[in-house]
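Structures for review follow.
First chain A sits with chain B, and in the next complex the same chain sits with chain C.
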Partner chain A sequence: MAIGERDPITGRHTTGHEWNGIEELDNRVPRAVIFFLIVTTLFSIVYWVLMPAWPLGVTYTKGLLGIDQRATVEKAVQEAAARRAAWTDEIARLDFAEITKRPELMRIVRESGSTLFGDNCAACHGTDAKGNPGFPSLADDAWLWGGDPETVAETLRIGINSTHPETRFAQMPAFGRDGILDRTAISSIVSFIRNNAQGIDDLGPLDSKGVKEGAQLFAENCAACHGEDGRGDPAMGAPDLMDDSWLIGSDRASLIGTVSQGRQGHMPHWEDRLTETDRKILAIYVTEIAGGRAGAAR
Partner chain B sequence: MPEAHRKLERSTIGFVLAIVVVASIGGLVEIAPLFTIDETVEEVEDMRVYTPLELAGRNIYIREGCYACHSQMIRTLRDEVERYGPYSLAVESQYDHPMLWGSKRTGPDLARVGGKYSDEWHVAHLVDPRAVVPESKMPAYAWLQRNTLKTDDLPDHLMAMLRVGVPYRDAMIENAARDAFAQAYPDSDMAEGVAERYGEDTNIRAFDGDPGRLTEMDALVAYLQIVGQLTDAAHEKRTGEQVVRAEETE
Partner chain C sequence: MIAGLTATERQIGLVLAGLVTLMGAALGIAGRNDVLGYQGLLIVVFGALVMIALLRNLDAPEPDENRLAEYYDDPIRFGIVLTMLWAIFGMFIGVWVAALLAWPELTFDAAWASFGRLRPAHTTAVIFGFGGNALIATSLHVVQRTSRARLPDQVSPWFVLLGYNLFCLLAVSGYFAGITQSKEYAEPEWYADIWLVVVWVAYFALYIRTLARRKEPHIYVANWYYMAFILVVAILHIVNNLAVPVSFGNAKAYSAFSGVQDAMTQWWYGHNAVAFFLTAGFLGMMYYYLPKRAERPIYSYRLSIISFWGITFMYMWAGSHHLHYTALPHWVQTLGMTFSVVLLVPSWASAANALLTLNGAWHKVRDDATLRFMMVAAVFYGLSTFEGSFLAIRAVNSLSHYTDWTVGHVHAGALGWVAMITFGALYTLTPAMWKRARMYSSTLVEVHFWCAVIGTLIYVFAMWNSGIIQGLMWRTYNDSGTLTYSFIESLVAMHPYYIARTLGGLFFLIGAAVGTYNIFMTIRHEPLPLSRRAEALGTDRPLVPGE
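And then the complex of A and B:
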């Protein structure tokens, strides 16, 4: 059947296509579709008038409602801050000891602190705050720079070996790499540490070698930062080497690696990223994890 | 009208051309004019270009398909601003060719990841994500630590960026390979040249922990640490001008 011919049964035009004797009627577009097109076109015209829409060279039509995404989000953030002001103001005003005495504030600190910790701290320190090799556990009593909330808040503000101008700074020298001590001396120091630290029960034959020399070498090389008794110094960020908390590992290989290659951990500073109130919440949250002793100095 | 359409749809070439015209209307009307509107890309003074090492890292980011799971676009929504930081501005991607905004987040948005974590963390996390984040489903990229970074083509990469409008200077292009090496070797004599050419705030560190060897890990971590840090415009807008604009509209 050719173009323009009519189907004998319905009397309608056909498209002129034929497949094995089957032909297609050239029906009109259904009214519902036309109606839908008209409605959506009208909607878009109304939308153009109300919302930012048409480009006009270097500018554009701003729309009667004056809606601007940036202003909208700014307003939403401000409104949310205003809703939270009831307790954020309290946290900002009170000192750490007073906050910990207020159960209704502590409930918020735990809830808000958990979210803040998850978003910002958990990547390095772990969701359970127990740390990872090279990233200290916050869930124990061992603190590099001090574990009272004020100190933790300050660490959060300036970071450790960070890009902040006031950053806490600590660097353990590379005794082996820089040729300060030879291999035997390093091995002796490690033997001394492993024999004296708490909780090391895998002492091997190598650990009995050079303990005495190690003590002497420790006093000469390590005590300046880690203290004569090896208990560390939070003022310098020098870890306690006699407790059972280990940043990298307490095995011989890890310790020899640390003494020969040196260590310099990095913690970013959070002054630009988190508000003072947020850092305060985190400081209390973290110290509470560490032993429920927020407000009490270590 | 139906007659005209009947004719058109029976002409193959004519109908293809008509489809092309209709399909491009959306782009022409909605996208093309944005290039002429002054407000589209904000003008900021502190915007800096990627160093050769960061650019190489960006190429690795693209090669490994990081953009498939990580967006670099904080939208103007309260929950995003409160979680990630100030919403993204167009100017922050001014020198991104191609841009890596992405549209899907299997992992978190990375637009403000620069400076958020330490280099050590990035290295540990890329070598074995589950070693530091047990619940992560990110693949490991341990070979980046072993692969030596290819630097001999870096001048060409900078040249290509220059062709599409990134203001690299001749000295930057000439020293591209050397600067890439020096940025990850802070104690070398060449490191000063990097700070001189790209600014004092440039991160010059042994990103992968080994200053003597330039690896793909160095490049990728250098790039990740600069994402969102090329300009402070987004932070300024949030604290200054934007607040004023918000008040005006009220």
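And then the complex of A and C:
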């Protein structure tokens, strides 16, 4: 097509150029485009006048509204804290026994405890608080270090085998790896434990071997921490071996592994991350789960 | 293909491939105590393969002199095949990584298959592998046809195409080995980055030299977009990747920027990579193949100009909208947001220019799935640019940021716009390049079209839902003023959407596989007899040397 020729379908002129068969119509820019360019530009100019916008060397235009995101967020955080103060102050002031007697506080403890648990504890202890291998269940009444709210709050504060200077510390020695006991002795101890603990219903032929020797070896090697009766000692975080709650597993292989290779669990300390009020809420929340009163995490 | 090169060109190619092999060997030896050694080995293998191919044909007869009277399309054909191979690989990894989010066991406990390595392999393979090869192949086609000029030589297009694919291979294999500089869409480390600069400068020179040889008085608008793509990507790539290597024998380098400056540089890069790689380049593609297929003139030349300069100017300011409510000063966020809002106008002007071009050809859109691909691409371009400007508004961003809404937005653009315009262009280009009357099967094009549309819609709707639910869950407070939901509860709520997203991606992958098969069969099909070519393909204006 030559310059000025018309497109037969729309009747519009072309620009007269052609590239390998492609042509362009000489249509005007639609009014809507101009209109919206003006509208959006005006919006921008108004926004620049009102808000922090353009750099001026070492400073910038502050905007007529005087809004600054840092000040805004600080104010919002303060206001939210002030609104929560009505009950956070109460929880901070009262001791555990008093808090549990106040239904309106307990409603908040359960509500906010559930979220705190989900965000901070569930990764290891599970969303249902029933634990995972190596991570204790918080939903039963078996506690390594004690299950009253004060003790749980302390565990939360300093952690177990953590980097906190006051951390709780516990270690199960590696009786096999360190050459304290031979394989037969370890097998006997495991047989003794499996025949005496509650709720073990998968006893096999191996379990009947060495039970008697095991009792003797247990008294010599294990009772110092786990007690003469094997009921454990919360003062040093030694688990009760006679109940039906197991950190790793009650099967023979797991127990042989534990006695032979030792164990040392790790729980981070939360003093640097959660406020005292939050830790108090969590302590009450998990002891409630353990007592079966609140049920699992939702 | 090698037979089309002159003896001198074959020798130059051999020297270049030899130099690359030597460089790879030097890198491998310097980095023998590091994963860098394997990257060096990969370069050596790549260079050696090219050398072997050239050596086997070194004594082939000189090509026909008449070749200079035709366009040089060998690299374009090769580029089309590479495009589809990268598409299949990248989209497969995409489906895998999507499934991984729904079923975390799918890492199979292998380090190389962890999310952090698969995800950049997916993004690099689809953006740079699939998108980049499509851009290089189509740009070399468009610049020749609209300039009525043959590429200036036969070595540099091969250097650009093969060099670029070497970069993509280094990048993706590096991720699996754990090499990354942890900058989104700029993960490759220093040695790959330097190599890409060399390749990119050659690409820029090739493009300019071809334009300089043009026999048309004006430069067609598609070329403006391709030029903007090449030029700005060079600037972005060089600045964002400024870094100091630990040593020349170590893959790791440390960025020249730190803290909030690093974040701002990264998102200036990231957003403009979207703008100039995924938008400008593909607009160039659209401005050629859409009017060509529709056989309609562009609706408005003036609208092209307004939107070109609007897009190139405005996008440069918009990157800070990725950093709303962060340590980035408030005033920078304001500028990013306001320019993003204005940016909507030239973006929609481009989409409108494409759709209005179809006036008088809507019956073709109805009947021809290839043209329909490009029409739907223009619609998705409009949708995702609207969404982009909307999400850039601070108040909206406070809900959407860090959620799957962003992922949905990106895929509305990547699947709906970038991939669809590419498939439309490839279905137009492939028969022409192999001198066939049409694609092997128009039914399969139709199948691909519907797989792509269904896949995109499932994907985008799943991510809109999951993103908005996530955003709302994260900001819901109960009466006592504490958060109602834990993060893990929002994850549980996402699970069904992650399954849906995987399904959407799978549809898209199946479509791409069908397309690849169709292209493969078109290539294998008998070419048209010479006598019928002019009638069926007679679209190219003849290239008359010395005119």
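One rule holds in what follows: the second predicted complex is superposed on the first by the 261 of 298 C-alpha atoms of A that agree within 3 Å, B and C clash if a C-alpha of one lies under 4 Å from a C-alpha of the other, contacts with A are read in each partner's own complex, and residues count from 1 in each chain.
Going forward, contacts are C-beta pairs under 8 Å (C-beta built on N, C-alpha and C of every residue); 3 or more make two chains touch, one makes a residue touch a chain.
Predicted model only: the values in this text are computed from it and were never measured.
Engineer: May I ask you to name which of chain B and chain C touches more residues of chain A?
Structural biologist: Answer, by number of touched residues of chain A: C.
Engineer: What is the contact status of A:T163 with respect to chain B (first) and chain C (second): first, second, both, or neither?
Structural biologist: After superposing on A, A:T163 lies in contact with chain B but is clear of chain C.
Engineer: In the overlaid three-chain picture, which partner chain does A:L203 touch, first (chain B) or second (chain C), both, or neither?
Structural biologist: neither
Engineer: Applying the touch criterion given at the start, work out whether A:D119 contacts chain B, chain C, both or neither, answering first, second, both or neither.
Structural biologist: In the superposition, A:D119 contacts both chain B and chain C.
Engineer: Between chain B (first) and chain C (second), which, if any, makes contact with A:F36: first, second, both or neither?
Structural biologist: In the superposed model, A:F36 contacts chain C only, not chain B.
Engineer: Output check: A:F135 vs chain B and chain C. Expected answer is one of first, second, both, neither. What do you get?
Structural biologist: first
Engineer: Now for A:A76: first (chain B), second (chain C), both, or neither, which partner does it touch?
Structural biologist: After superposing on A, A:A76 lies in contact with chain B but is clear of chain C.
Engineer: Between chain B and chain C, whom does A:E24 touch in the aligned arrangement: first, second, both, or neither?
Structural biologist: Only chain C; A:E24 stays clear of chain B.
Engineer: Which partner does A:G265 contact after superposing on A: first (chain B), second (chain C), both, neither?
Structural biologist: In the superposed model, A:G265 contacts chain B only, not chain C.
Engineer: Pick one for A:V58: touches chain B only (first), chain C only (second), both, or neither.
Structural biologist: After superposition on chain A, A:V58 lies in contact with chain B alone.
Engineer: Once the two structures are fitted together, what part of chain A is touched by chain B and by chain C alike?
Structural biologist: In the superposed arrangement, which is not itself an observed complex, chain A uses residues 55, 60, 68-70, 73, 80, 119, 122-123, 127 for both chain B and chain C.
Engineer: Under the touch definition given earlier, write down the residues of chain C that touch chain A in their complex.
Structural biologist: Residues of chain C touching chain A: 145-146, 148, 216-218, 220-221, 288, 291-292, 295-304, 306, 310, 325, 329-331, 333-335, 337-339, 341-342, 344-345, 348-349, 352, 356, 359-360, 478, 480-489, 539-541.
Engineer: Any idea which chain A residues touch chain B in the complex?
Structural biologist: Those in contact with chain B are residues 55, 57-60, 66, 68-78, 80, 119-120, 122-124, 126-127, 132-135, 163, 265-268, 272-273.
Engineer: Could you list, by residue number, the parts of chain B that touch chain A in their complex?
Structural biologist: 29, 33-34, 36-39, 76-78, 81-83, 85, 87, 112, 115-121, 124-125, 131-135, 235, 237-238, 242-243, 245-246, 249-250
Engineer: What does chain A use to touch chain C in their complex?
Structural biologist: Listed in rising order, the residues are 7, 9-10, 14-15, 17, 19-30, 33, 36-37, 40-41, 43-44, 47-48, 51-55, 60-61, 63, 67-70, 73, 80, 83-84, 87, 108, 111-112, 114-119, 122-123, 127, 298.
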